[in-house]
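Here subunit A shows up in two complexes: once beside subunit B, once beside subunit C.
Showing the complex of A and B:
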């Protein structure tokens, strides 16, 4: 099996060269002549090709499975100690959207078996979160399709119950998942922009608009701690419980809990658990 | 250069190839953007698909802002949208020769952050064209594609204007 320490760099050994990025037909082009934009696009395409080999959201597995992938005791011991609590995890595709995708699934998992909560989430999106977007100056034309993706998921969850998010029509649905991720990104950005006094001191001189454009609104850019703190406050219906695993000598994981600034209408759907290993987030689940 | 991902290039990933990158969103989104542009018709910018059959290729024009070297000058541009727009940025080029610090004179390529690392689905044709229009009056001289233009902008406005006019081709049709 692969070395999880290199999670992002790992390529499935397919035995063919299919996975290797080949430049477009006119590859006689001198490297010198390739401009920044082309390099940027090729790099992006290469990342996409690598990431596309993994499931968007993988099957639910006992954490002991993950522990077995490690040799390095500093990682292995921490995951084993968490596994002894009976926790499960779902591997999330490492495409730069992993934290966002994990939170999306975690939220749907929390409310999936309760139709009233799904309805409530939908009406909050319609009334509360859209209001933040409007207040922050987001154009309707920019966000409406993405909000619609989220509605569509919630409608299916209401109609089909929790098995919907276990089905391939959800798990492999790039369009609906990615649309909803953009929706989460926009709501988070809007929250930061409408609460700039709270976030500006952490940006080391970068403007709020620039930070949000580069780190939050841009698709496939990994979430940093600040983004996740803002996401929790923007959603205002869940807390986030993040277990950090790294190569340090400590026996157990480091836990960070992110609570929203407030829960909208006292709506608390519970806590989403994430597992963080350097550079990557997966979702943790109770048995 | 080809900018639209052809199906063959997606064949590396059968999952993506079956479902299409982000499905039908691109068509719906571009239709809304076209509608918005036609309804609001902001001054000094225009854009429209080149043909009925392909909504991914557009032509447009940008007129320079008042009180800049480009005042009253109108330039043609081309816009090419990837199949996964708005997740990825369109490729936009000047078709008319454009003498400007952030435009490559030979290819018409533009260096603008929102078309690169700051791209997100927040932007649309209208906001991009308005950004391009303001770029004409406010170049980013720190990372020029045309260093001579960047230099003249700072040191010799008169020669700068001469250069702009030397390369300018009026749109006739």
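Showing the complex of A and C:
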């Protein structure tokens, strides 16, 4: 972290010794005064500023477009091999919510052309997922706005059909999307809290509450593998199919499939496909 | 975010407050983003039997971003800035969750009064004192500043 914003009362170095700049005394004091809170805030600001330049959910593009961005053959070859299967992708904004946003869009895309499935998702949110939130001790006052954001999207999807999620009133609606992402984050956290025996062994001594607050409920914190596994089980209506692309020597991508612990009311909307490159998730789509 | 959440929190605060939170209200009815609160020092701590005033500034993006709490009067505590009243508490920064409310955050601040974390200090002198474990010195200094400033 090295930002000029830290040096609000920075003064130019005053002396040089053999051409080497000597930093003024108060500069090092300044550095010491930068507490964790300030570092955290500045890092966030920087990330936000970078991320705001990109669309929340980009247009559907052939994977060959992405392959062309790479020179490194280990990445390029894997993406090209996937592209040859006719897959498309949607770039998702890298704001720390990419996996969550990709799953949100992927879910809406799966059910969007089927009004009954949209209705079913709505009633599951209302009954099943809300029940998990209550059971995990979430306060209604704290979650109802976020559930409402998700309802609102589902209502528009029912009223307008699948073109709704292609329209700017959805694609550029930060508030509705982000509200629904918090909803997904909350039900994931609630699922972990109500199934703590299954998750505690993976947390390396951190408490469930701390892990959930820091990694799942906190907005703009990237999803790790455990969060995604829990998200799938919390939703209990889809599986996740993740293609991992990295700099390894293998010819093709590595695929991880995450299935829920169970499907609620035998409701299986299908599989959401994600593309993972180190540090970022995008959504994969069939032609 | 819509102001609905803050309006509901205000409504809830008018009906019931968690234990140890004495008051939680907006400064001006027309402005939901500036609040004041009072909490009671936790029992069996040097802060007991004292009421502390706080100001709360709520950001536009609340509850996605955390509110800022400040003690109004000077207080000697390892995690509270002596001059500004800023509070160093993980749940108000990197462990903030939109599942928290203003009321539940106040409960966490009250707990912090009774259980400081001297390893992440905003007040080094107070942190050193707490680390020394010298209970009578901690009590004396804490009470001295409470009498002086509160």
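The rule is short, and it goes like this: the second predicted complex is superposed on the first by the 251 of 287 C-alpha atoms of A that agree within 3 Å, B and C clash if a C-alpha of one lies under 4 Å from a C-alpha of the other, contacts with A are read in each partner's own complex, and residues count from 1 in each chain.
Note that a contact is a pair of C-beta atoms (placed from the backbone, for glycine too) under 8 Å apart; a residue touches a chain by one contact, two chains touch by 3 or more.
The structure displayed is predicted, hence computed values, not measured ones.
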Three-chain arrangement built on subunit A, subunit B and subunit C clash or fit: clash
First, second, both or neither for A:261, with subunit B first and subunit C second: neither
Partner chain(s) touched by A:172 [first = subunit B, second = subunit C, both, neither]: first
Subunit B versus subunit C as contact partner of A:142, first or second or both or neither: both
Touched partner set for A:49, first subunit B, second subunit C, both or neither: first
Touched partner set for A:213, first subunit B, second subunit C, both or neither: both
Which superposed partner A:186 touches (first subunit B, second subunit C, both, neither): both
If touched residues of subunit A are counted for subunit B and for subunit C, the larger one: B
Subunit B/subunit C common contact set on subunit A: 35-37, 40, 138-139, 141-142, 144-146, 175, 178-179, 182, 186, 189, 210, 213-214, 217-219
Interfacial residue positions of subunit A with respect to subunit C in the complex: 35-37, 40-41, 138-139, 141-146, 175, 178-179, 182, 186, 189, 210, 212-214, 217-219
For the subunit A and subunit B complex, residues of the former touching the latter: 18-19, 24, 26, 35-38, 40, 44, 49, 52-53, 138-139, 141-142, 144-146, 172, 174-175, 178-179, 182, 185-186, 189, 210, 213-214, 217-219
Complex contact set, residues of subunit B against subunit A: 1-2, 9, 12-13, 15-16, 19, 21-23, 25, 28-29, 32-33, 36, 86-88, 91, 104, 109, 111, 114-124, 127
For the subunit C and subunit A complex, residues of the former touching the latter: 1-2, 4-5, 8-9, 12, 63-65, 86, 88, 91, 93-101, 104, 120, 122
